[in-house]
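Chain lettering (A, B, C, D, E, F, G and H) follows the sequence in which the chains are written, and residue indices restart at 1 in each chain.
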Amino acid sequence: MYMDINDIIKPENLVYTKPRLMNDNPMHYCPGCSHGVVHKLIAEVIDEMGIEEETIGIAPVGCAVFAYNYIDIDWIEAAHGRAPAIATAVKRLNPKKMVFTYQGDGDLAAIGTAETIHACNRGENIVIIFINNGIYGMTGGQMAPTTLEGMKTSTCPYGRNVALNGYPLRIAELVERVDGTCYVTRQSVHTPASIRKAKKAIRHAFENAMAGKGTSMIEIVSTCNSGWKMTPVKANQWMEENMFAKYPMGDLKNV
Amino acid sequence: MKEEIKLMKGNEAIAHAAIRYGADGYFGYPITPQSEVMETLMEEKPWETTGMVVLQAESEVAAINMVYGGASCGKAVMTSSSSPGVSLKQEGISYLAGAELPCLIVNVMRGGPGLGTIQPSQADYFQATKGGGHGDYHLITLAPASVQEMVDFVALGFDLAFKYRNPAIILADGIIGQMMEKVVLPPFRKRRTEEEIRAQNPWAALGKPKDRKRNVITSLELDPAIMEQNNIRFQATYKRISENEIRYEEINCENADYLIVAFGSMARICQKTIELAAEEGIKVGVLRPITLWPFPSEAIARQTSHVKGILSAELNAGQMVEDVRLAVNGKVRVEHFGRLGGIVPTPDEVLAALKEKLM
Amino acid sequence: MKEEIIIAGFGGQGVLSMGKILAYSGLMEDKEVTWMPSYGPEQRGGTANVTVILSDERISSPVLNSFDVAVILNQPSLEKFENKVKPGGILIYDGYGIHHPPTRTDIEVYRINAMEAAIEMNNTKALNMIVLGGLLKLKPMVSMENVLKGLKKSLPERHHHLIPMNEQAILKGMEIIRKA
Amino acid sequence: MAKIKGAVVVNKERCKGCELCVVACPSKVLALQPAEVNDRGYHYAFMQNPDACIGCASCGLVCPDGCITVYKVKL
Amino acid sequence: MKEEIKLMKGNEAIAHAAIRYGADGYFGYPITPQSEVMETLMEEKPWETTGMVVLQAESEVAAINMVYGGASCGKAVMTSSSSPGVSLKQEGISYLAGAELPCLIVNVMRGGPGLGTIQPSQADYFQATKGGGHGDYHLITLAPASVQEMVDFVALGFDLAFKYRNPAIILADGIIGQMMEKVVLPPFRKRRTEEEIRAQNPWAALGKPKDRKRNVITSLELDPAIMEQNNIRFQATYKRISENEIRYEEINCENADYLIVAFGSMARICQKTIELAAEEGIKVGVLRPITLWPFPSEAIARQTSHVKGILSAELNAGQMVEDVRLAVNGKVRVEHFGRLGGIVPTPDEVLAALKEKLM
Amino acid sequence: MYMDINDIIKPENLVYTKPRLMNDNPMHYCPGCSHGVVHKLIAEVIDEMGIEEETIGIAPVGCAVFAYNYIDIDWIEAAHGRAPAIATAVKRLNPKKMVFTYQGDGDLAAIGTAETIHACNRGENIVIIFINNGIYGMTGGQMAPTTLEGMKTSTCPYGRNVALNGYPLRIAELVERVDGTCYVTRQSVHTPASIRKAKKAIRHAFENAMAGKGTSMIEIVSTCNSGWKMTPVKANQWMEENMFAKYPMGDLKNV
Amino acid sequence: MKEEIIIAGFGGQGVLSMGKILAYSGLMEDKEVTWMPSYGPEQRGGTANVTVILSDERISSPVLNSFDVAVILNQPSLEKFENKVKPGGILIYDGYGIHHPPTRTDIEVYRINAMEAAIEMNNTKALNMIVLGGLLKLKPMVSMENVLKGLKKSLPERHHHLIPMNEQAILKGMEIIRKA
Amino acid sequence: MAKIKGAVVVNKERCKGCELCVVACPSKVLALQPAEVNDRGYHYAFMQNPDACIGCASCGLVCPDGCITVYKVKL
């Protein structure tokens, strides 16, 4: 039976669309950047949990600094690396709110290491969304603590050399060891299946925070095709082939 | 509870005043000579009474950013530290100013530079009044000279901060922080409810109800044209503050032949200098700036009509003296007297300096 | 009336709390008071001192370079403060800690064997109260009644049962102080 | 078993031509416009092979910019 | 290698100049608009040629403390950042000053306060010249106005820092950092050997040989009497620097009726203003402070003999103007003109401001 | 056979004395403070290895800030928490020197968390001596990240409550997980036997640093009898009974 | 001689490197030059522009608000810079990216279909060199010889084999530019 | 087996009377001066029971202030 496209495109047949809480502002991200996908998941989870009026997001310094332009909730922009400290205060002063941070690997794993470890150690009832794209996207592709060995960036143009630059740092493995975390997981958003899993993880983390179970960290191994100097499609492939070995997918802790 | 008369340290006074003001949160990190602020709060456990949150942060940097977070929600939040710790807070302070957030910062100064000494100093005058952080901004800077003012300026600082949406700082020193004096504590005020905060601070990030757009607390603006407009707005605020909030005390100034300008504990010492000078037949007045920013420039300029010279007496190598000179604009001689590195001069030393430099 | 007093000794001798009780007593008499301690790193065993001013009028400088009375409980403090007593002023020292007694002749020097007495009383913690008693004997700047009130104010509730013992120590001090 | 048919609508002006939807589609429905660009200069995605669409929403899920709306009917 | 003429960005120039100077180490953290400094160094890999260490630190705080570490060993070490990052370094900078350590800091300023904008600004003038950190200290502050000066001031900054054992700062802005101009690069100098460092900097902590006492690098001194002596020594150094190291450029000043005081990129713009003014028959001169601290106060004061008014033109809300007023001490009118938040004025705007405010 | 004491006290019978590199300046530490014992061990190891001319110590902000007054080597006093960053630069600029930091738990585990983790992650060839006495000694006994649950300090006068103050933080367990460390061990100095073991550990760490094997951390679980408000003897007992459960003795990593 | 030029377009169009080659060419002719880019966050797809000044004399301000020549490669840039061209100045635009052409009549407007030509040459990277050719045709401020020298200086060694192709593109641009 | 005898010298002025040596001594040799204090006010350690000393150096090892020198002879 032949069916015209216009017979299908009807409200009652809708199965997927841009999340309600994501507004129409065009996003500034590069084509194919993982940030957009994660933004959508967060918007969906907040919407599905019905907590949009109670949610406060903490946006980092990094490419996601403008997250506040795209998801229609209240936001606080944080100084570089300090989002967990800010979230700590916001949550403690407003214990019934849902408070989450959204941070890059430069933000969270370099300058913000102390704030991250200590918020987790205090077991703040917040969610930390950690976008690990192995590079400083915003500032032009410098080395991050999570940059892989041999990977080229503008501050290791000949490839990361551990003797000079140290080892790729696995933050999730650290915060897993800290008593205040209740849920530490590593996810990705490069395929429909991984996206569905990542969304479940985010939802679980948000529920933990609302239930006062402690700190949840969701690391999302991501691409920065611009910093990596690849097409988005190639970047996803490269990520699977290279990043996942150092940053394996799955839950590290779930109590 | 009602007003109460107590004997306490300046640092303890800050803590009690904050609880009674109805402050929502304190975030700090230990450092001499101000650790008693947090210690007193922890002893008092206000979280069990007023609901005030008190948290020992992992560092001064974390503490100032916790303040930024709390202030972003429209809460009355504060931190305290001493000189090296306050230097670490400079980025955060600039962010607070840039995001137009009210809050209260306390610096109980010690001698620098570097790790320096833990003895009293006033060498962070420039940092507080000219902007130790980056960019064009100002802190409403209050300089207490007694334990009672440590109490009073907590409420004043918070009130001004909220009135103008700008951080306020109490610039005290080791003497004021550590000494005990008689104080009258104000009655307890209720902490504001979330509804009150939403009504009074409609900009606060407290969760977005359906009937307003999202609130975003940020100091970022990549478009320089808009960023310039933001800065022009800040400057307009600073102008309003300068027009309305200058505070100072004049002691013996009417018939004075010489004027000492001094703030904080140094002003206390100079009050005794007035007596010593009078014994020698020298008429000395003291003008004590209470707000260091905005600075009482006009009040000082007015003194030039009758004084022969002005001495800026400070526990530093010459900082406020620049503001005094700018106020006087060449009309009379302005000299500086200071002791450094934690040494506190005696009243007669000040008098000797005045005689040597101005007479 | 105005009294400018320095009290100095080893960290553990109760120097600061002696000053505190004096200050509280002044408060009870509606005097103006300031109490300004030396402060420093935590380590045990260092020296400590406190400047206490009691006055009928508003107190200007809390920091002083010379004193009406110096109460000295160890040798280093004696060396530091002996020459800061105003001519005609008073210096009180505890014989136990001082091997080289003061030498100035233009001030009145008193000795109080407070440590000895405290050991006798089987309560070395009472040392500072005994010394306080000695001081008050010489300079009755506050009434005993207000000292007891001040004690009450400065001690946490759970230590209030110690007040009678403190009173005794003060009386003891009044008894044993003598011109050196 | 009922046959399933789908269709997608791409927000042409929002699309950045990243091609992620193209490779995510199990039925090879989508492609980028080879020549034409939108106002922001991007070769945007479109249904090159609309009949093959099964409405699985994979394209929508992977699109970072939320450009794709997916519809589905069971025949 | 010899002198070389190249076309490069100011930021790149800093990197090349550092290598050629024989700098021992660079420690930095990325931030716009100065990331090319570290990127160029990483591209050049001087560790394989001169032996210079280049390290990307985990933060600006770590970077400035690495500089403190390197400087403690008598090495020629440096860091660079932009406004928010420099605010984070304030504690470290105060420590460097307090421990009398030579080093070079570069601030390529952007608009503030807070995260602000990444466009050019001069709003960190106060922070650099008055002491953004705690305590009484000064940084030798050099303000380049061309890419060539970015090159030249690396050597000058290091040389002055070592001469006086005091940190030096290059206060540039986004324009100077990002623009390319022709530069002459100096020849390569050999890095000093450990023996040379031991001889020239006997205070350096490089390991204690049997024949000297241990070297201790510290800014701590709990005895206020000694701490005051330390501070007096610092002040004496500042005096010596002020007597010997003031640098400035006078352009067209001899017969000027009006003077513009401007530094860095703003001075470049004002040079064009001179031309525009001349077309209208207005005689304008520009005095460009090259050292912002020590400030060329006397040179400016001398101008008051013949100018009718002075305009302090800055990319900020009015900072250097205070030093100009202090220099002039009321003798002629001093006004400020500034653009904010990353906006750069055109030469004719400056002229219009001069006419409006002074004529 | 009776022997007079003076027959024994002769140079040739000497079996133990204050280390040669420890000078005669009286130490400012409280009676019985663990810092002094550790100082002695460091002085002995440097002496025994014959590297006193090549060793540079980094003294922290904390009670040990004056370490530079007692051990006769070159020293650099560090800003609070930043010793590992300073040591990084000193070692990289002087690769043949022996560089060690000496840090308290406030210094290393609170404000200095980021510098500690990143120096370890870069595998700097330095030694970190970490005095964990569960408190901020220098500033009057405030809570440290390592303060035990229920333990009273001036900023948790009713005992550390994890809901308010977070969990005791085990730093050694974190740096063990970081790739740049070669040796992570936990020791104490409260008995002659433990002191002998601790000295061996310090020696091993110093040898690692000289051999360029990476970062070594020696945590020394210590007392602060003053902050704990106990006699030194009681403090040692209390430490054994309470601290060792949370901070168990022994090597965590030795590669 | 002094030329004040703005070049503007999308990030990927080679705007900055076109300016750089121009600047290097000026350097080869011993001129004073400044090259001042817009700079911002890294994201792909934004607009970029660069101000290039070539002059026989020392250049004062590197920042300009009006230009002798504007080279415009996309619509947003046209909107931003059309009215910043000095009266009597030149505006060059690429037809491909511009849907609403310039409207000013007090300046000379040229069109160059560089994108089309680049696609024809099978090398969209040559776009900026073609445009440069067009510019040099109108304003022969540097000699071809020095442009090639400039290219050599601005390209890393490993790209030197591309120089002949770039030369071709420049010649192409000189050929196809025409009055709009 | 040879008998071992030891002796220690306490640097009285350096001693802070912490008592750690006293409890560390396996032979109960040491004690703190009950009444006498040194110049810094401390009840310093001394050999109360010198004959019992076996020169094991435990006291020296545990002394934080390096006050104790230990000598030993084999008889």
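One rule holds in what follows: a contact is a pair of C-beta atoms (placed from the backbone, for glycine too) under 8 Å apart; a residue touches a chain by one contact, two chains touch by 3 or more.
Everything quoted here is computed from the prediction, not taken from an experiment.
Q: Given the touch definition stated above, what is the smallest step count connecting chain E to chain F?
A: Steps on the shortest route: 1.
Q: Return the chains shared as contacts by chain A and chain H, ordered by label.
A: F
Q: Go ahead and name the chain pair joined by the largest number of contacting C-beta pairs.
A: Ranked by contacting C-beta pairs, first place goes to B-E.
Q: Based only on mean CA positions, could you tell me how far chain B sits from chain H in angstrom?
A: It comes to 54 Å between the two C-alpha centres.
Q: Suppose each chain is reduced to the average of its Cα coordinates; what separation in Å results between chain D and chain F?
A: Going by mean C-alpha positions, chain D sits 62 Å from chain F.
Q: How many angstrom lie between the centres of chain G and chain H, each centre taken as the mean Cα position?
A: For chain G versus chain H, the centre distance works out to 87 Å.
Q: Quick check: how many Å separate the C-alpha centres of chain B and chain C?
A: 34
Q: Hunt down the residues of chain F that sit against at least two other chains at once, touch-wise.
A: 29-31, 33, 65, 77, 79, 110-111, 113-114, 118, 139-140, 145, 165, in rising order.
Q: Any chance you could list the residues of chain B touching two or more other chains?
A: Within chain B, residues 32, 55, 58-59, 61, 84, 91, 95, 99, 114-115, 118, 218-220, 222 contact more than one other chain.
Q: Hunt down the residues of chain H that sit against at least two other chains at once, touch-wise.
A: Within chain H, the residues that touch at least two other chains are 16, 40, 42.
Q: Going by the touch definition at the top, which pairs of chains touch each other?
A: Between chains, contact exists in these pairs: A-B, A-D, A-E, A-F, A-G, B-C, B-E, B-F, C-F, C-H, D-G, E-F, E-G, F-H.
Q: Could you list, by residue number, the parts of chain D that touch chain G in their complex?
A: Touching chain G: residues 16, 39-42 of chain D.
Q: Once bound in the complex, which stretches of chain F touch chain A?
A: 110-114, 117-118, 121-123, 145, 162, 165-170, 173-174, 177-180
Q: Would you pull the chain B residues touching chain F in the complex into a rising list?
A: Residues of chain B touching chain F: 29-32, 35, 38-39, 42-43, 45, 47, 55-56, 58-61, 84, 114-115.
Q: What does chain F use to touch chain E in their complex?
A: Within the complex, chain F touches chain E at residues 52-56, 58-59, 65, 68-69, 72-79, 82, 85-90, 92-94, 97, 114-115, 118.
Q: Which residues of chain D touch chain A in their complex?
A: Where chain D meets chain A, its residues are 5-7, 9, 14, 16-20, 23-24, 40, 42, 47, 50, 55-58, 60-73, 75.
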